[in-house]
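As written, the chains take the letters A, B, C and D, and residue 1 is the first residue of each chain.
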Amino acid sequence: MIKVGIVGATGYAGGELARLLLQREDIEIRWFGSKSYVGQEYTSLYQNMYQMTDAVCGSDDMEQISREVDVIFTATPQGLCASLIDEEILSRVKVIDLSADFRIKDVAVYEEWYKLRHGAPRFIDEAVYGLPEINREKIKGARLIANPGCYPTCSFLTIYPLVKEGIIDHSTLIVDAKSGTSGAGRGAKVANLYCEVNESIKAYGVAGHRHTPEIEEQLTLMAGEPVRISFTPHLVPMDRGILITAYASLAKEVSYEDVKAVYDRYYTDERFVRVFKKDVCPETRWVKGSNFVDVNFKLDPRTGRIVMMGAMDNMVKGAAGQAVQNMNLMFGLPEDKGLKLVPMFP
Amino acid sequence: MIKVGIVGATGYAGGELARLLLQREDIEIRWFGSKSYVGQEYTSLYQNMYQMTDAVCGSDDMEQISREVDVIFTATPQGLCASLIDEEILSRVKVIDLSADFRIKDVAVYEEWYKLRHGAPRFIDEAVYGLPEINREKIKGARLIANPGCYPTCSFLTIYPLVKEGIIDHSTLIVDAKSGTSGAGRGAKVANLYCEVNESIKAYGVAGHRHTPEIEEQLTLMAGEPVRISFTPHLVPMDRGILITAYASLAKEVSYEDVKAVYDRYYTDERFVRVFKKDVCPETRWVKGSNFVDVNFKLDPRTGRIVMMGAMDNMVKGAAGQAVQNMNLMFGLPEDKGLKLVPMFP
Amino acid sequence: MIKVGIVGATGYAGGELARLLLQREDIEIRWFGSKSYVGQEYTSLYQNMYQMTDAVCGSDDMEQISREVDVIFTATPQGLCASLIDEEILSRVKVIDLSADFRIKDVAVYEEWYKLRHGAPRFIDEAVYGLPEINREKIKGARLIANPGCYPTCSFLTIYPLVKEGIIDHSTLIVDAKSGTSGAGRGAKVANLYCEVNESIKAYGVAGHRHTPEIEEQLTLMAGEPVRISFTPHLVPMDRGILITAYASLAKEVSYEDVKAVYDRYYTDERFVRVFKKDVCPETRWVKGSNFVDVNFKLDPRTGRIVMMGAMDNMVKGAAGQAVQNMNLMFGLPEDKGLKLVPMFP
Amino acid sequence: MIKVGIVGATGYAGGELARLLLQREDIEIRWFGSKSYVGQEYTSLYQNMYQMTDAVCGSDDMEQISREVDVIFTATPQGLCASLIDEEILSRVKVIDLSADFRIKDVAVYEEWYKLRHGAPRFIDEAVYGLPEINREKIKGARLIANPGCYPTCSFLTIYPLVKEGIIDHSTLIVDAKSGTSGAGRGAKVANLYCEVNESIKAYGVAGHRHTPEIEEQLTLMAGEPVRISFTPHLVPMDRGILITAYASLAKEVSYEDVKAVYDRYYTDERFVRVFKKDVCPETRWVKGSNFVDVNFKLDPRTGRIVMMGAMDNMVKGAAGQAVQNMNLMFGLPEDKGLKLVPMFP
């Protein structure tokens, strides 16, 4: 029985962790940590889990939690995990941080984009970027996981094989992303009220969204040279789901079959990445509630470009599901344990 | 390994059966029967299950199917199952019919409300009304199950303890029901287009909806005398979920604790019925994707009435989930096998 | 040119008043009063009106406003208007209060249901309940209008002809109401976030909603004896619209034609109440953006009941549109001036 | 009084024309033409207009209609208008064609992208591309208007000043478009059912959407040399609205003020194009129900690119509203007559 603590359990990502872990018999959630709801029954906030747990929310005191569990998930605002973590905690438990604190290796870049002073730069090097599709072996031995961002996970997995194989000219890369509203979190803000989001679509964070350097850093590792992209997220009136539409000029002449072969080579053995058949576009409805990323592409000979598409549930593969996938690897369990979820449609 | 055939596999209820059964290791779906898509890959219609099955849609020839499987689910339009079934088929396989063909014991009532001539009246008596909460033992030994309707399941479970215990005056019963749009099926009709349903709510089938006699028949069995109700369904702009708001005058003076005790007595041991705490209203978001029915009530001393509320996922407990629950019972499996699904929120 | 001040201009009802009044050439909005946004450009909050006004939000100082305008609309939380109004203000301007402060004539009832001490009981008698369909003449001469609540407007207009004509037994009246989310206001609350409201429906305020006594008081006036109802509102995942489904036992034997004749008699000359043809159910999509209330009914001989249905845009006829209708009457203008809006579909 | 005929009155664009024209006192809609509903009351299909017209649907016989009206709007599938129009009709009435038949001047391009043989190529030259912001004077004298497509209107108005002024390198132009579902029409197709569209987003027509050559042809006219773009539309779960996010590399060094000055120069006198203030992104909710196009841009010095954004109601400025704007110009009326609609929010 693996004992789990969740810090930030009352946010949407925390709630999704609870959803995924409560269906498992090899896991016990020992701690539902919260800032605002200490002492309240957890299911009074997530009535969907009524009768599945009778836990009461605890504090977010990681020192104390680390004495009671085997692994801590931090689904907390930027900066919090870095401010709480220390060697003692890491010596006792594994930590999977769903915030951005340890994702970016260049601390100056982190501090510039996040407008924060990093609280624990000494752990940045140690932290493993928790994308199993590229760092599987490192994850297995890690103490501290930087669980990737939602947009970066979907963008990277959609694009990286073509960057790595030199098929696209990465200097032309444009990523137009669309996300459901759960990505905005459970905080009470006018901008996220039903009537503000419903029946509308908008771009936000144009030319300045914090996930940009995260995507760039990972693609840079693949390209072997600096990659700089345009990244524009949009807010879509739906609960869950991210869709990536990425554009780039082709670096060489390729056929449909050439590109398909690349994707297949990278993903045939990846359980959670599905390469669709020719001309079938990814749609977020096909991944809802699951850990899948669906990808496909279309060549456009008129313009010499390729359009790459990826769809993912931002709450699962984009947050809680990927965190569980990382946990499975860290504890020597089958990577897909508890994640064999058939997407729910409609 | 239980071998399963689904007739009507390409409708929403059929798709939900596939979702629930594909996550099980003790089940093999051998037949995806369809009227319109014979020969097409099943996942071309349900891309969410891509790579989880490579099945091709077959016909709806129940005679043939019955030679290849252990149990057939018929998720088909009214009248079809009754027109296809016969003694030979029933001697070979168990049949769980998700249509209304065998739900109503009084064939005249069926024919009046459904405007159909019943195709197999000889099996009506044998068919067991598949609501495990009241017919658990009969279901275990049945060959033919009439899987209850979505509205009847939610209405009945919300109301029946108070009818049976004589707490309410059933002659005053009014059931105001609200359903998500998946209940309308996957047929191409203008009335169910996105722009027709979105941003609107309407009543339909007022004073004439076919689920009325089904609810009445079951409540009559509980009351021991004829029950006649007002039942009004409404279409709500959401995918899944049914909410029942039922009104009745109290037949005697009761306190909150009295009524709560009744619900608790009936449902404490029922895994799939959750009685909420005082003043917590059921909401469809708390049951999405799960087999739960959430119920609660509110006394109104000003009017001498009680308001009973129930929420359920029409696709799961209201259709496919209940059908699987019935299958589990028929095959001697744990009743909740494959149904321990944590509701998905948001 | 009528000069208008809006107190509470930044809420949804205030925004709707601005939408309706900015399209008129005989109106000048002189004051956009606000509590939280004083000094901010109004269109920074309502970008839809960009370039249509360059106003900056002012305070909610009614004394000051009353010196600059001819009429003040107060679209403010309960209690505010009553706490600000006085004889001096009323001697200078007309006041149309969209809150509940002056709707209920029995101050004890108001204070019980609203848990507030009434700030200006001396004006309650003078205030006219601003439902033009019943109080048209009184409204014309009024200084202070209590603009009806959204649920009461739709409920009352759907039901009252049958109460007044003694067609229904009002002791059996049950009103099941459904509302879009704009009715919950623009305040930042978790319960009204997109992901909390979307894909769900719930009852709220069961047996205790504050609009209950308002509906009862008006129906009592029609019946000539005390009317007590069950009233249950529900929150629906859509922006606008209220649907009323009301149930009552018939007090006498009536045919479809009898009841239709009653509705026609009351409403043929009412521009904003549309009685639908037989068997056409009101739907909120048919009134969106307009000042209409659509009504219809269905007799149910099986139960001896009648089902009455009404649909309305809660923001227009349920709030700002009705307020404008009242203003038109008070200023001797055509009642439908600026309100001849064709409902927007889809 | 201008007498109007609408061919294709029962589709969404036809319904929107009726909405806009029924609120005018200088217009009489004489003919509601339909293919499928001849003989049915128009308001039985558009109950929102109940009591505003008692018209019965007529045929789509343009010859006959042309004898009864002054102007015909054809809101019909591609190819129909071209197959029905002739010199006689054009000699009697003005025709505003909302289909694509006369938008593209190069008939070979039309036939390649639309897979149709053009039925009346002799009128292509005469037809004026009905975008008042660029062709105002020509429209005034035209007999036949090719009303622009929804995506082209929004894309072109968002981008063209920067193409014309040489600010962007048009060879790098990428247009990522998002549309509400009304753009898909009122036909009964499974893909447009509520449960298929809701809670999902997808790209479609990737590298092959028919609006691509229309945008290219118009931009080519502005650039004075061939423009070729990448254009990808997406389906968004909302009724109305188009959002354009367009990307291009800058052709020269420019400041925010430089670019803002260009937009202002082109659009200050344009009533229906609103250039937003710095950093305020267009959102479709701010234009709902109105004839506005809202535009803005963001420079991205990191990549040397500019992001251009435009929002529009696809049913109004993208179809019916623009058609009315053209009609106003053709009949010597104020261009904004009947179009001074304040956008409806929420």
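Convention: a contact is a pair of C-beta atoms (placed from the backbone, for glycine too) under 8 Å apart; a residue touches a chain by one contact, two chains touch by 3 or more.
Predicted model, so just to flag it, every value in this text is computed and none were measured.
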State the chain with the largest centre-to-centre distance from chain B, centres being mean CA positions. D
Between A-C and C-D, more C-beta pairs in contact link C-D
How many angstrom lie between the centres of chain C and chain D, each centre taken as the mean Cα position? 36
CA centroid of chain B to CA centroid of chain C, Å: 38
Taking the mean of the C-alpha atoms as each chain's centre, how many Å separate chain A from chain C? 45
Going by the touch rule set out above, which residues of chain C reach two or more other chains? 12, 182, 195-196, 198-199, 237-240, 283, 285, 288, 346
Chain C residues touching chain B - in the complex, by the definition given at the top: 172, 174, 176, 178, 180, 195-196, 198-204, 206-207, 228-230, 232, 234, 236-241, 243, 245, 247, 281-285, 288, 298-300, 302-303, 305, 307, 309, 311, 346
Please output the residues of chain C touching chain A within their complex, sorted ascending. 12, 181-182, 186-190, 192-199, 237-239
Which bits of chain B are touching chain A when the two form their complex? 12, 15, 18-20, 22-23, 46-52, 182, 199, 239-240, 274, 276, 280, 283, 285-290, 294, 340-346
